[in-house]
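Next up, some structures in structure tokens.
Two complexes, one shared chain (subunit A), two partners (subunit B, subunit C).
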Partner chain A sequence: MPGASLSRWSLSYFAAAVVFLLAGQVLMVFGFGYPAAALRAPDTLLVVHCVTIGWLSLLMCGALFQFVPVLVVRPIYSNTLPLPALLLILAGLAALLASFLQLGGHLPVIPHCFAAASVLLGSGFGIVLWTLGRTLSAARPLNLPARFVAIGLCSVAATVTLGILFTLAFGGYTRAPFALELLGRGMPLHVIAGLGGWLTFTAIGVSHRLLSMFMLSPELDGASTQWTFRLGTLALAIVIIAGTVAVIARAGLNAVLVTAGLAGAGTLALYARDVVQLYRKRVRRVIELNSRMAGIALGHLAAAAVLTFACAVSGGFGQYGGALIFLVSFGWLSGLGLAKLYKVVAFITWLECYGPVLGKTPTPRVQDLVVEPRARTWFWLYFAAVDVGTVCLLARAPLVFRAAAAGMLLASAGIALELIRTRRLANVSPALRLPQGTRLPRLLFTFVAN
Partner chain B sequence: MSGDADSASTEQIRDALRRVIDPELGYNIVDLGLVYDVTVRNDGRDAHITMTTTTRGCPATDYLQSGARDAAFTVDGIGSAQVTLTYDPPWTPKLMAPAARVHFGIKDE
Partner chain C sequence: MTDFVELDVRPVLRAGGEPFGQIMETVQGLAPGQGLRLFAPFKPTPLLQVLGSRGFAHEVTKLGESDWQVDFTPSASTGARTGADAPADLPRDGVWPAPVREMDNRNLDPPEPMVRILAATETMKKGEVLAALLCREPVFLFPELAKRGHGWRGAMESDGRTYRVLIRIGAGQDASK
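What follows is the complex of A and B.
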């Protein structure tokens, strides 16, 4: 059944995600939230959720709807459910952002905004989990990359559950002692489960397969990679389970975080070994822009690990926590996300447009849909601006940070325009652009003929 | 006589399959070594192609299969074309033709 393996709504997730990335960066340029406001201030929380839910989580969901079937060699459980999930998440995020605006005094009070956000986000992510969970469940026993994704999905369930408890306690819907304890001291667990478990651990699993696929490297499933998975799972279990128990029992969190941190450091060291092997053993000597930029993003993950270690040793999480979250969110996760998005949009567009006429007429290559030298400039500007921004946050230079955010915004907008050009086949030579039997792809969704 | 027709068609089908590219690598599937076998029987009328993909679960799999079938039908006299997908043995870059290996900068071991 041709086209059965194309995800219908991934492009819609990507489009919405890019809009939230640009929106988050506009807010940073205008000095909204951290560092002008405190890390836990409502304005900061608005920017953080705009980026982590609106950009990173929608990007990850869209990517998983396309790539989980590739990982498990089975069709997605439903190609329809991702749409209502997207609409629910968007509505829930709007309600959440409106709640933060109210808390910050920028909007008049709208009753039950936090409750609406909880219900809508919970339902949206619930459908995502159901769709991906059923797809994985039908493919048991899972291969290694899919097991990373499964743990990532458990982590997003934990992140969303903690988030819902926070919003219910924040909005005054519950006075249950455990919810208030979690609201007071559980924030690190929410952040680590989200950035570390859901986004990073899933990205690690998917990157094992994508890097191997796009660079023609041998797939890694040996003992070292198995230990990457086991140690990472252990670290996340310690943070999420033991951490929650410790908070509710009013015990100290330090022992939990140090133990999980050690396991997390081991995971990243093993992952670094895997990544070096994937790049070294690649058959494709000349690699594409997406793989080169993924390498830069991986370097930022290493830098974030070093900064985490420095904070742990010096007790500087309070002082440098904002810079660390910024580096993880923009240097590592967004850098990797933009790099892979650049490739995946071209790949999906090729399959949608030229797949049906393959063998009948000459077709362009996936690489003909993009102009790498032009995009390369935007990527370098992006990473340079992220690095300047990180240094500004470490050195407490908020005005220069805003200039760096403007650089990130410009670069991200440039990459977004490249994605639109790819989708519109604007880079393909006229002779090959639309052979008989093809049609121009839609910008916001994929036409799937099944 | 029939054997001559079959072997001529086999070569023609291999040529036709060179029009089918692996979208990711941008190179034709024959010289990438993705076509394991082409058999033609019945006086050049029935074609059977055995092929693979670079990665198991590749989203382009269905298109590559139907593309190979459509390419076979462009050869004069072919009345039926069957494409079988296999991952035994799995594809490795060692299966590439020399020209493809040069194109991708792969050194001989």
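What follows is the complex of A and C.
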């Protein structure tokens, strides 16, 4: 059947993701990991992976299972495989977090925990890549947003592969010189491939289409946007391919990172131009909360670019790298993720519940499923707390940072409650809530008839 | 050498009209062996399918930015079904009547276009056709149309910004390839 159906398991990914977001923030409130511990300390790595795999990657996977079919106007390759993938990733993440707890001395030693994490995470992400890759390959030639996603998927493959090599080398499973070199010096490649390639580049591609859809702006696929894609792909190829070769060959990484950084800066400048066009040329003058908050998140991406530039010029990556990763993860990626989640959950719920009876009986609008003024307060609190947190990390004020993390936790919990209310149709007036022929959607998965 | 009857639907379309009925009337009036040379402001993808199912081969030529020429030639092997040679009792599933309702949903927030289209289909009779303009392919609408037993044909117009969909009530999946 042409067209796209609802993704059965995306809501399960979103729910698991939000749990890990809250868990990561709880750890920060209690002063676990950076800045109390060093940036590469096991406790910090635990918090980082809780946020990047547990929250951001699960969120992105869930979003792509729903959104890739929309991008390419074809059904997903499988609406079933995402469930085993989710279970494998959750098991692998649990093993990885347990491994970091052992390293930090919080847990007694459990043999082969790192190896188990590698196998489980590798297979989980492997199934994700297979499902999305088959969906994309059936839709070739790909349109521009789908090509961004394809490069994002290559980047997650690289990130996971590097991560697996780190754990194998670290756990003593391999003594191969290239793996030891990568473990020693390859960390920046893992971080850039993950945060820059997988999460940011995919988000850039998806945001082109989502912003244009929800603000009624013209689609951008002109020469400028083509160059955003080419330059970004080049930057990622330089970091991942040339960077890996340089590390294995024991050559310096600086030239690689500077070249990739210049290409990356060009990509972001072109993307900024695209975004300004999307907002300016929109037909819809009054935009919804999700588009306004996406704008704030985009502002944080710009701030992160400026901070990266400042660190590159002053050689301050060692000192301010933690603040930079925090700003990218929470100001940009999580901010955009929460903003779009707020819309997507409402849309999926509306379509699942009311799609079958549209036109046959009065139904609520998508916007009747949400109460924007209430959610707006949580979003503003969230971004304010992120900004205070970033400043605290830059200024080395760990106690105030924990207070900021508490603000983020409170705001995220508030947004999570709004998502649950949306899913349970709690904001819809009782008279319209469940007309004949409809049923209340389940909280954790989508009922798909096919 | 095929003898072509020429039909230029560019003025009708530019005036906001719907030339489908006129095209089908012209096809009905073709003599055996005669072809149709159509001039349109975009590549008329749905029509290629419609006339293809009636045994016409087509050759599309882009004359300019919004000028297309399509030569429909009756295929010798199948024998195209024009008005002159088609038996009266032949099924006419490939031919859709002119739309009884037109909608311009291009400036509506998603999912309002889908809501309006489904609401309209509930008020129409079996066999009637609804035409709608949208600003992108309505991916979530198609499964819902299929569930309700309606057929559809759609294509992006040459400006790359308008998706035109024709929906035939109760026509099932026969034409929605």
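To be clear about the criterion, the second predicted complex is superposed on the first by the 446 of 450 C-alpha atoms of A that agree within 3 Å, B and C clash if a C-alpha of one lies under 4 Å from a C-alpha of the other, contacts with A are read in each partner's own complex, and residues count from 1 in each chain.
Methods note: a contact is a pair of C-beta atoms (placed from the backbone, for glycine too) under 8 Å apart; a residue touches a chain by one contact, two chains touch by 3 or more.
Source: prediction; values computed, not measured.
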#### Entry: Superposition on subunit A - do subunit B and subunit C clash or fit
clash
### Which of subunit B and subunit C A:258 touches, first, second, both or neither
neither
### Partner chain(s) touched by A:366 [first = subunit B, second = subunit C, both, neither]
both
### Query
Should A:351 be classified as contacting the first partner (subunit B), the second (subunit C), both, or neither?
both
### Query
Is A:214 touching the first partner subunit B, the second partner subunit C, both, or neither of them?
both
### Task
Determine, under the contact definition given at the top, whether A:286 touches first (subunit B), second (subunit C), both, or neither.
first
### Message
Under the stated touch criterion, which partner chain does A:66 make contact with: subunit B (first), subunit C (second), both, or neither?
### Response
first
### Message
By residue count, which of the two partners contacts subunit A more extensively, subunit B or subunit C?
### Response
B
### Message
Going by the contact definition given at the top, which residues of subunit A touch subunit B in one complex and subunit C in the other?
### Response
1-5, 69-70, 73, 213-214, 216, 283-284, 347, 350-351, 355-356, 358-360, 363, 365-366
## Note on the structure
Per the touch rule, the subunit A residues reaching subunit C in their complex are 1-5, 69-70, 73, 213-214, 216, 218-219, 283-284, 347, 350-351, 355-356, 358-360, 363, 365-366, 449
### Residue ranges of subunit A touching subunit B (in the complex, touch as defined)
1-6, 66, 69-73, 213-214, 216, 283-286, 347-348, 350-351, 354-356, 358-363, 365-368
### Summary
In the complex, the residues of subunit B that touch subunit A are 16-17, 19-21, 23-26, 54-64, 66-71, 74, 93, 104-106
### Task
Going by the contact rule at the top, pick out the subunit C residues touching subunit A in the complex.
107, 109-112, 114-115, 118-122, 135-144, 146-147, 160-161, 176
